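Down below are the structures I want you to see.
In the two assemblies presented below, chain A is common to both, partnered first by chain B and then by chain C.
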Partner chain A sequence: MKKRSVLYGLVLIVCGVLVPLQALALSADEIVNKANLAYYYAGSDGAAKVRMTITDTRGRKRLRELTMLRYDVEDGGRQKFYVYFHRPADVEGMVYMVWKNPERDDDRWLYIPAIDLIKRVSQRDKRSSFAGSNFTYEDVSGRLPGDDVHELIGEDTLDGRETYVLKNIPRDKDLVEFSFYKTWIDKENFLPLKGEYYDKAGRLARIITVEKIENVQDIPTVVKARAKAVEGGETVIEFMDVRYNVGLKERIFSERYLRRPPRRWIR
Partner chain B sequence: MKNPLLRIVHFSIENPRKVMALTVVITVILLTQLPGITVDTDPENMLPADEPVRLAHREIKKEFSLYDSFVVGVVDDTSEEGVFRPETLERIARITDEILKIDGVVAKDVISPLTTDDIQAVDGVLTIEPLMGRRIPDQETAERIRGRALENPILKNLLVSGDGKAVNLFVPIKEKKLSYRVAKEIESIVERHGGGEEYYITGLPVVEETFGVEMFRQMGVSAPLAGLLIFILMLFFFRSVVLVASSMVVAMITVIWIMGFLVGTGFTVHIMSSMIPIFLMPIAVLDSIHILSEFSDRFPSVKDKKETLLMVMKELFTPMLFTSITSAAGFASLVLTPIPPVRVFGGFVAAGIAVAWLLTMAFIPAYIMLLPERFLKRLHRRSKGSVLYRAQEYLGWLSVRHARGIAVVCLVVFAVSVYGITKTRVNDNPTRWFHEGHPLRVAERVLNKLFGGTYMAYLVVEGRDGVMKTPGMLEYVDRLQGELSSLDVVGKTTSVVDVVKKISFELNDEDPAYNRVPDTSRKVAQYLFLYEMTGDPDDLYHLVDPGYSKLNVWIQLRRGDNQDMKAVEAFVYNYMRDNPPPAEVETKWAGLTYLNVVWQEKMVRGMLKSLAGGGVVVFLMMVFIFRSPLWGFISIVPLSITIAFIYGLIGMVGKDYDMPVAVLSSLTLGISVDFAIHLLQRTRQIRRESATWEETVERVFDEPVRAIIRNMVVISMGFAPLFFSPLVPYQTVGFFFAAIMAVSGLTTLLVLPALMVILRRPLKL
Partner chain C sequence: MDKVKGRRILLACVLLLAQALCLSDRVLGVEIGGFVEAAHGLKLGDERAEKNAYNLSELRVQLKGLYLPEALDAVSGEVAWKGEALIDGYEGDTSFYFRELNLSFTPFEFMDLKVGRQILTWGTGDLLFVNDLFPKDYVSFFTGRDDEYLKLPSDALRLWVFTEYADLDLVIIPSFTPNESVRGKRLSFYDGLKGRIIGREDGRTFVEPKNTAENMEFALRVRRTLRSSELEFYFFRGFYKEPRGILDSDREEYFYPRLNVYGASLRGPLLGGIGSIEVGFYDSREDTKGRNGNIENSSVKYLAGYTRELTGDFSVGVQYMVEEMLLYDRYRDSLSAGTPARDEFRHLVTLRLTRLFLSQTLKMELFTFYSPSDRDVYLRPSISYDVTDALGVTAGANIFSGSFDHTEFGQLEGNDNLYLRARYSF
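The block that comes next holds the complex of A and B.
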C-alpha cells in the first residue's frame, strides 16, 4: 500500500508540474493570433500621427506625414482605416481609405483633392510598398494569420526580451514576394519585435525591427520601427500622439468623409 | 664596327649557344605569365575611368538605378495570337519566376509582363497591378492582357511588340562581371521551361560576353592559322623548313614575350590588345624574310655560313634598324590617342617590334650558326624564268620606262582617293562586331524590328528642385519626345510625362481629352503620389529623382550605330536651342550608345593627330636617314599614296570608319615605309657600287626587289584566315593587312623607281 501511495504521489507531482507547463506552451497559431491582436487590434479604435522617413539606396531622404485612424468592426476581423496625408505639402489632403475584409479583397478608396475626385482603387497586390516606403501595406494594416502556415522554430532573447521565433510560409506563394519570413514575438506582450523576409531564392531580403515600445493607456505600443532592404534603402516609421479608444464613429470611414476630413482627429 | 648595335650580331654569331639559352629562359618565364590573362570586353573602357562623360554616365545610372540589361525576346510567328496564348504566357511566367531567383539579377527592376505594373481604370476602379498573373485560364484572358499592354503607351513596344505578337523581358544585372553566369542560367531556364516559341537572348552583357569568348577563340585559332599559312608561303619561296622555321620561331617568341609581359604587368586583354599577336606576327616575320631572302640567295655562291651571315647582316643592318624604328614609331604614336585600350595596343606593339628586331639580330644568326651545314645544301639560286623573276623584270621595265605615266596615274589615284576620304563615315556599333549570321545579330535584327529598339540612351534634364512637377516643363518634354519619336532612328521614348498622362487618362475614365499633362503642379504631384502609393515606387525613380529636379527620358534606338545617336543628340540640341524650355535646365546624356559616340569622336580626332604626328616623325627620320629632304620626301610618297588609297577606298565603298580601321592607319604608316626604306637604301648602296644607273636598276630589281615581293606576298596572303573569323574587326584587319601590303608594295616598286628616274639629277643618282 505504501509503495502504491508513493507512486501515486509521484504521478501527482509529475502531473502537477507538467500539466500547467503544457497549458502554458502555446501553439504557433495561437502565438500569431495573439500577436495579430496585440499589434493590429489594440483597443477598439485608434488614432496616431505617423511620420515616415524614407532613405533610398543613394541616401536621399523623403518625408511622409500622415494621420491614421483605425476602427475595429470586430476584434481580429474586419477593420477600417482612414489615412490622411499632410506631407509632402503638395499632396496635403489626399486620403486613402481601406476596409479590411478578411474573407474577400479589401475595399480601397483614394481621394485626390487637386481634382476633387474619389477613386476606387483595386490593389490585389497587398505586398506593394506603402506610400513609397520600405513597408508594405500588410506591414501597416496586418497580414491575415490564415495566409501563412506558422511554425515555432525556437526562442530567442532580443534586447533582454524573451521572444518566440516563428517561421511563416505562405499558403499561396504566387501572391507574395517572399518564400517565407521569420518573426520574433515578445513572450510577454506578444508584440512582434523583428521580422526577416526571405526572397524566392531564399536570400534574406528585408528586415523589420521594432526600435521603441511605449505604454499608451497601459497598452504596449510600437512607436518606432525600421524596415531595411538588404539591397539598400530603409524607412523609419514613427507613431506620435497615439491614442486608443477615442470613440471614432464608423461613419467617418465612408466616401463622404474623404472630401470632408474629420477635423477633430486630423489636424 | 660602325654601329655599336651591330655588336649584337657579332656576339650571337660567336656565342650562339648562350643566345639560345637566354632566349629559352626568357620565353619560359614569360610563358608562365599567360595563364593569368583577364579579358575586358567592356566598351565603357574605351574611355579612361575618370573621363567626365563616363563619370556622368555612371552617376546617372546610379541616380536612376539603371543597370545593364539582358533582353529576352519571346516571339511566336506561327499564329495570329503570337505568344498571347494561355500556355505560352504561363510558360513566360514560369521563366520569369525562375529568372527572378538568379543570383545577380536585380529582381525588383526586372521588366516583364509578370512584374511590371499596368495602370488601368476597370469599371471605374483604378487598378495598378502587373500586366498578368501566373495563371492564364483561357484565351480570353490572354487577349485581354494583350489588349491592355497595347493600350498602355509605356508598355507598348517596350514589353509587348507593336504587332501584339511578341513579348520582351528586360533582366538587369548588378554587375557586368556576372554576365556570363547569368546568361548561362537564363539559357538553361529557357531550355527547361520554353515551348515552341522562339527565345532571343541579347543585350549588351551578352554581346560583351560572347565577344570575349570569341576573342579568345580567335587568339587561339586565327592567329596560329595565319602563322601556319605564312609558314607555308615562306616554304614555297625558300624551300627550306629549317630556315623558315627560324623566322616563325622569332614571330612566336615575340608574341609570347609581349603577351606574357602584357599579362604579367597586369593589363587586361581588350579587343584591341587581343589583336597584338596578329599584328606582331607579320612584322616579326618581315625582317627575317629580308635576311633569309638574301641569305638563301647568297649562300649557294659564298658557301660559308658565317661569312654569308656577316655579309647579309652588314648590308641589311641599317635598313632593318630603320624600318623597325619607323614601324615602332608608327605604333608608338598611338600612345598619344585618348583611348586607353588603343594606347596599350600601340605601346605593346611598338615594344614587340623592338623585341622582334632584337631577336632577328640575335636569335636568327645564332640559329643559323647552330644549324648543321647539310640543312643548307638545298639552297640554290633560283633559275631566271620563274614567275617571280619575270614579274621583277616586268616591274623594272615598267617603272623605268614609263616613269612619267606612273607619276600621272599616281596623281590621279591620289586625287580620287582624297575625294573618297571626304566621304568617310565615322561609325561603330559593337553589335556589328559580329558577322551578319551570328545568333546575336539575328536576335538584334528580330527584336529591333518588333520592338521600340534594344539600344538605350538616356537624356537627363536637370533644373531646380520641383521643376519636373510643373506642367510647363512636362509639356515641353512631351513636345520634345513627340519630335524625337518622329525621327526614323528613334523607336520609342519614355519619361515620367508618359506616366502622368496615363494616370490622367485613366483617372478621367479614359477620356482621350485628358491624355495630357494636367494644368497644375499640384495635380501632377498628386497623380504621381497616387502612382507611388499604389504602384511600384521604384519604377517612378527610374524616370525622375525624388526631389523632382531631374527627369530621365529613355530613348530607344533601333540600331546601335553611333551615327544614329549623334543625329539624336544634335536634334535635341537644336530643338532646345530653337525652342527654349520654360525654365532653366541643363541636359546630360548617358547610356552606352552615347558613350560609344564620345569615344569614337575622340578616336577619330586622336587617330588623326597621332597619324599626323607619326607621319611627321617618320618624315623627319627619313630626312635624317637619307640626310636629304628630297630623299625623305620621296620615301614617304608610297606610304602617302597607300594611306590615301586605303582610306579613300573605305570612304568610297561606304565601309564605316570604325576602331580597327582607325588603328590600321598606324600599321600602314609603320609598314609601308619599310618597303621604301629597303628599296631606297639599297638603291643608294648599289648605286655607289655600280658604274652606271642602268646597272644599278638591274641590280636593284634583283635581290632587293625579290625580298620586297616575297614579303608582300607572304604577309598579304598570310592573313587570309582572318577573313573567315566570325568577328568583323578581325575580318577588317585581315582584309586591310592584305590591302596595305599589296598596295604599299606595288606603289613602292612602281612609284619609287619612277620618281628616281624623274628626279635622277636632284637625287644625284
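The block that comes next holds the complex of A and C.
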C-alpha cells in the first residue's frame, strides 16, 4: 500500500515537471496556430473601425476608413467578414464581404451602392494590396497556417517582450511574392509583434511592426501596426472602437445586408 | 435659359456645396456627402447630329444624404436621397432632380421594404442585360458620363422576403420609365423607316403607355444559394424599354409594346474565377405569332460570362451573348421591301481588361463589344487617376465601327468621342 502511494507520488511529480516542460517546448506549428487564433480569431465575433494612412514613395498621404465586422463560424476555421467603406468619399457605402473557407477558395462579394450592383469577386491573388495599402488581403484576414512550413529559428526580445522567432517558407512559391518571411511572436499572448518579408532574391522587402497593443475586454489586441516597404511607402493601420463578443448574427453576412448595412454596427 | 437665372442657379449650387463642405460629415443625424463634377466630351466628327464639336459639356453637383429617424428605429428605418443639379452646356439649361429619394425599413424580421425613387439592378451581365428590364440611359453611356449614369432611377416599391429556402425580391413600378435612347441630338442613329442615318432632323415620336393600374410593371426575382453559387429565377411583366413597335409609320409614331420576360441565372466560382450563365425568354405579348412586322418578335437571350484576376492588379472579363429571334420566317415574310433584315441569331462578345497601377490610384480599362454577326464593334477605353482622395480625373473614348448602317453599333459610327471628367468628392 505504501509502495503504491510512493509510486503514485512519483508519477504525479514526474507529470508535474513534464507538463510545463512540454508547454515550454511548443513546436513551430503550435506557436503559429496559437498566433493565428490570438490575432485573427479573438472572441467569437468582433467589430472595429479601421483607419489606414497610406504614404506613398513621394510622401503623399491617403486615408481609408472602414468598419470591419467579423464572425467566427468555427475557431481557427471558417470566418465571415463584412467591410464597409466610409472613406474616401467616392467609395462611401461600398461593402466588401468575404466568407473565408480554409478548405476551398474564399467567397467574395462587392456591393456598389450607386448602381445597386452586387458583384461576385474572384480573388486568386490574396497577396495583392488591400485597398491600395502596404497590407495585403492576407495580412488583414489571415494566412492559413498550413500554407507555409514553419521553423522555430530562435528567441528574441522586442521592446521588453519575449518572443519566438519563426521562419515561414511557402509550400507553393508561385502563389506568393515572398521567398520566406520571419515572424516574432509574443511568448505570453501569442500576438505577432513583427514580420519581415523577403523577396524572391532573398532581400528584405517589407516589414510589419506592431506599435500598440491594448487589452480590450481582457483580450490583448493589436490596435496599431505599420507596414513599411523597403523601397519606399508605408501604411499605418489603426483599429478603433474594438469590441468583441458583441452578438453579431451570422445572417448579417449575406446579400441582404450588403444592401441594408446594419447601422447599429456601422457608424 | 437667360444668363441671370443661370448665374443664380450656379450661385445656389456653390452655396449648397459650401454648406455641405462646412457641415462636414453629419449634421442633426444626417450623413451628408456628394461631389462636383465637370465633364467635357469632344466629338471626333459627325455631320448629322445637332452640334458637331462636342456632345458633352456639363457641371454636375450631387448631394446625398442618409437620415435615420428615431421614430423608425424599431423597424430600422432610413431615408436616403441623392439630389443633383446639372448645368448642361449642351442643352443650354439647368435641371434639378432626385436620382434617389426613398425610405427603407424592416417591418418584420424576414422582410425589407424600399419605397420611392431608387436605382434597380439585377442579373449577372457586365454592361449586358438579360433579365434586368429596369430603365437605362444609353445616351449618357455613349457620350462619356460615368458608368453609374447608365442606370436611370425608377419610382418603385421593392419588397424582399427572406426565407430559409429562397429569397424573394418583388418590384412594383406604377409608372413606366423608358430607356433614354439615341434621338439624333447628341448622337446620330439609323432610322429604320427612313432607311438611313438620321441626326437632328429626327421626327419620330414615342408614345408611352398610360399610367393605369393595368400598365403597372412587375419584376420578380427568386434567389437561392447553392453552396458557393447563386441560382436565380426572374419574371418581368411590363413593356419593352425601347420603342420596339410602330404605331403609325407615316407619322413616325412608335410605341413600347407589352413584354413578359421569364429567365434564370446561375453564378459561382469556376476555375479560379467567377463564371455565370443567364437566359431570358422575351415574350412579345402584342405579337406572339410574329406576324406583325411593326412589332418586335419574341426572342431568347443567352449569356455566359467569366471573370478572373490574373494578378492582383490585372483582371479580365469575357462574355458571350446570343440573341435568337423566334418565328424568324414570319419576321422575314412581314418585312417590307428594301428594309435590311436582322439576323436570326445575333452574336455578341465582350471583353473587359482592367489594370491598376501606382497603389491602385491609376486605373486603365478597356471594354470592348464585338458582334461577329452584325460585324460591328464598340470600344470603351478609359484611364482614371485619383490625384488625391477627393479629386479624381478620368479620360476616355467611345469608338464605334461597323460594316452596316443598321446594326446596333454600326449606326453609331461617326459618333466617336473623347471625354474628360474631373470629380471632387466630399
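The rule we apply is simple: the second predicted complex is superposed on the first by the 245 of 267 C-alpha atoms of A that agree within 3 Å, B and C clash if a C-alpha of one lies under 4 Å from a C-alpha of the other, contacts with A are read in each partner's own complex, and residues count from 1 in each chain.
One rule holds in what follows: a residue touches a chain if its C-beta (ideal position, glycine included) is under 8 Å from a C-beta of that chain, and two chains touch if they have at least 3 such contacts.
Note that this is a predicted model, so its numbers are computed, not measured.
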Clash or fit (per the criteria above) of chain B with chain C on chain A: clash
Touching partner for A:Arg120 - first (chain B), second (chain C), both, neither: both
Contacts of A:Asp90 with chain B and chain C, given as first, second, both or neither: both
Touching partner for A:Asp56 - first (chain B), second (chain C), both, neither: both
First, second, both or neither for A:Asn189, with chain B first and chain C second: neither
Which superposed partner A:Ser129 touches (first chain B, second chain C, both, neither): both
First, second, both or neither for A:Arg263, with chain B first and chain C second: second
Touched partner set for A:Asn33, first chain B, second chain C, both or neither: neither
Which superposed partner A:Thr209 touches (first chain B, second chain C, both, neither): neither
Clashing chain B stretch [against chain C; choices 469-477, 685-693 or 757-765]: 469-477
Shared contact residues on chain A - chain B and chain C: 56, 60, 62, 88, 90, 114-115, 117, 120-125, 128-129, 131-132
Chain A residues within the chain B interface of the complex: 56-58, 60, 62, 85, 88, 90-91, 94, 96, 110, 112-115, 117, 119-125, 128-132, 174, 199-201, 203, 231
In the complex, chain B residues that touch chain A: 62-63, 65, 97, 100-103, 106-108, 121-122, 124-130, 133-135, 469, 507, 518, 520-523, 525-527, 529-530, 532-537, 541, 545-547
Residue ranges of chain A in contact with chain C within the complex: 54, 56, 60, 62-63, 87-90, 92, 104-105, 107, 114-117, 120-125, 127-129, 131-133, 233, 255-256, 259-260, 263
Chain C - residues contacting chain A, complex: 33, 35, 68, 76, 78, 104, 106, 112, 118-121, 147-148, 150-151, 160, 162, 167, 223, 228, 230, 267-269, 272-274, 276, 307-313, 315, 358-361, 386, 388-390, 392, 423, 425-426
